[in-house]
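Please go over the structures that come below.
Shared between the two complexes below is subunit A, which has subunit B as its partner in the first and subunit C in the second.
Take a look at the complex of A and B:
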């Protein structure tokens, strides 16, 4: 007897040409579109496992004074050497302070990437776009690979790109708030209009929100709090990685149109009834 | 002049914002080692200028210097 259905899943190999896409930033080809932060983890061992589970190619760190009164492990010992280290300038309240922190970060000898973060306010941690622009102008001249964290604004983002920013990192919601992509409408416009990758940074609380950013065409997503404060941060890192990959695939595939009324999946004829 | 105190231990420097004593003719590298810091893991600013690692063995701390000892921490 012939089998009812002729094909086994192993008979057909699908080669998806669209997935041959990497994110190119600052001369680096990144396989992963998940940028992961390293703050708020319970300990460095857990952070290390989360980094590995996330498959992130870019990992952020901050720059601080060493506490001479308490001996702590060094975070660099727990970050795989094959990931790009992207120090941020958190703590900077103006362009000059951001430039100073960038210099210190570069002097550590871990590359020339810098995430500019200039924040004058402590309640909402919203960035100062104008001071950020000034810091970009200064640091691009010194051959830094500059990625600015910014309050979503197309005109300002364009100025930042003109000044040499290699990507733009608009916030989705206040840092650490886990509220999701509240700035969606502006970010969508930025994705459409800017010539550099848009990387949503801050506020992303769940993998579904990260996937949504990627479906919109964002170049990448940065998450920290959402992963680090999950009950199981390692599993959450993996969940984010999968969501970001799924969202990217959906963007490349092109999502179907949205409409008000239903559209039947099968013909509305040939029903087993007479009227 | 503080009476009765040995002048050789009277050298003060500001380290990460705190007043700290140091020995006369002490190099930066020696100071870090005394504080138990691994030189490869920190970055220094001496009087607001970055002091590159190659110069730590030659640079002698001066009374009134301001030293910032910086390293990476977790961040997003």
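Take a look at the complex of A and C:
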């Protein structure tokens, strides 16, 4: 056995990970790469417990749900004070509406982070990338920290980054579909090419799928439906947190290459040995 | 294109023959599908499909949980006036019925709004009878201006308007329209709407379209169950909802299952729609249109409303009264129909929490 010379095995691992593991967005250093949604829970207390169990540093809330007048039903009262609040523009059908919702969020004291959701289609809840880009351009000028939800598209994502988006949030599958990372090939390219973190948002149904996103090098994963609608949402939040951490570690460790087929026993270039 | 053209396609369709051709195998096959077409929907509305209510319920529950989570939106109706010029045979507000007629003054609207909002409700549905003379558009808009101070979402359930009038409503702050066709069978429609502007079937049918085309966010359709054969009625209502979803993807479409309640007037339900039938309707609708809002009012009993919660319900009314000024007037003799679930908002909230659902008091705002 090799002598550890006063350093424990855990120290080495933690040091290694911390060196590369902090996610920086909008001037904030985030320890957790799990972003949590707040819709669809059975009650606010359960949502609060799930957020705590998830150890998420960033939590998104639909501005339309915030009721500042209510003493008992204001969702913001149930969100831990130490997390970064990322209000979202759910309900916006175009850039103008997204901008107006962002203004309401700021006026309601929700900080300056904003997740832009521009969805003109209530059937599939697929976002409008062009209107999203316009909203980014307007809100970045007003010093918002802008994270756009988008349909995976490298060219559009580049434009969004140029416009000032601090991260890009492509969908893995339609919102709430629990279908997993169906857009994998495009998201992989985006991870490779973009200079900002890629956060998979929407469609992730299981912790293993979240881990898969992280193994691909995504900056973070946002989940809501999969946690909120689980029979035990608190336990599911924990499971996601662990899977996301495991996926990140695997990415940092460097996963082995995957062989698409077995090595041929009669290689086509075998004859070269003879020359 | 009017939805009327869709209805026309079924003018010679033999529903009886279609239903006679349904067998268990057909139903089972549909249960395996991810997306249902119109024909599948009609199969699920057949009497043969009644043998499959449990598997249909399991699937409907799963889909609803996935799309809507463990949340139920709450709202309450507010009757502004009950003056009416129509003679709908099934309605308590029928112009020929000798009932006290009232209309709230703006001061009374404010008092009522304040009272309702104290229970925490943020979504309100305002209703009037059909009287352009007594409850004209400017009066309703004046009421909306007051209600905006208390509610974050305002829906209207009033007489069918022209497109320009819907635009005025949207600009004033109305975001939702509830308008039931009542009955899709044109002949029955003509019979039950004895006289009055509501007699115009096509004008009413295209009301949600006119509203959506000027930006109305929430559209709610329905057929009054009991007026005609419920299987074909619900089929057309489902197609109407689907038509609106397809034509106006920016709007959210909802559906209600109003069953006729006892009321003032001689006309009683022609068809008795049993609990089992309502359940089948809800399930078929959910499986056909997974993203459809499904709304159940206090016409139904407390027990039944609780039982059908997991079957696809997304919205409920609470603390309802169907009388003009029902919360603050001393005289409450103007009911449109008798409500069945008389629990308060607080009681409904408590019930939902106990059943594992979050009562959602606010899920919209004007921006």
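Quick note on the criterion: the second predicted complex is superposed on the first by the 231 of 275 C-alpha atoms of A that agree within 3 Å, B and C clash if a C-alpha of one lies under 4 Å from a C-alpha of the other, contacts with A are read in each partner's own complex, and residues count from 1 in each chain.
Everything that follows uses one rule, which is that contacts are C-beta pairs under 8 Å (C-beta built on N, C-alpha and C of every residue); 3 or more make two chains touch, one makes a residue touch a chain.
Only a predicted model underlies this, so the values are computations on that prediction, with no experimental measurement involved.
Clashing of subunit B with subunit C is the outcome of superposition onto subunit A. When both complexes are overlaid on chain A, the residue A:167 reaches neither subunit B nor subunit C.
In the overlay built on the shared chain, the residue A:225 is in contact with subunit B and with subunit C. Of the two partner chains placed by the overlay, neither subunit B nor subunit C lies in contact with A:84. In the superposed pair of complexes, A:178 makes contact with subunit C only, with no contact to subunit B. Within the superposed three-chain model, A:70 lies in touch with subunit C and out of touch with subunit B [touch as defined at top]. When both complexes are overlaid on chain A, the residue A:97 reaches subunit C alone and has no touch with subunit B.
Of the two partner chains placed by the overlay, subunit B and subunit C both lie in contact with A:39. In the overlay built on the shared chain, the residue A:202 is in contact with subunit B alone; subunit C does not reach it. In the superposition on chain A, subunit A positions 39-41, 62-66, 104, 176, 225 are in contact with subunit B in one complex as well as with subunit C in the other. Contacts from subunit B toward subunit A in the complex involve residues 15-18, 35-38, 41-43, 45, 50, 52, 68-76.
Residues of subunit A that touch subunit B in their complex: 37-41, 47, 60-66, 68, 71, 74-76, 85, 87-88, 90, 103-105, 107-108, 110, 175-176, 201-202, 222-225.
Looking at the complex, you find that subunit C touches subunit A at residues 65-71, 120, 122, 152, 245, 249-253, 291, 353, 356-358, 360-365, 367. Here subunit A touches subunit C in the complex through residues 39-44, 62-67, 70, 72-73, 91-93, 97, 100-101, 104, 120-123, 176-178, 225, 228-229, going by the rule given at the top.
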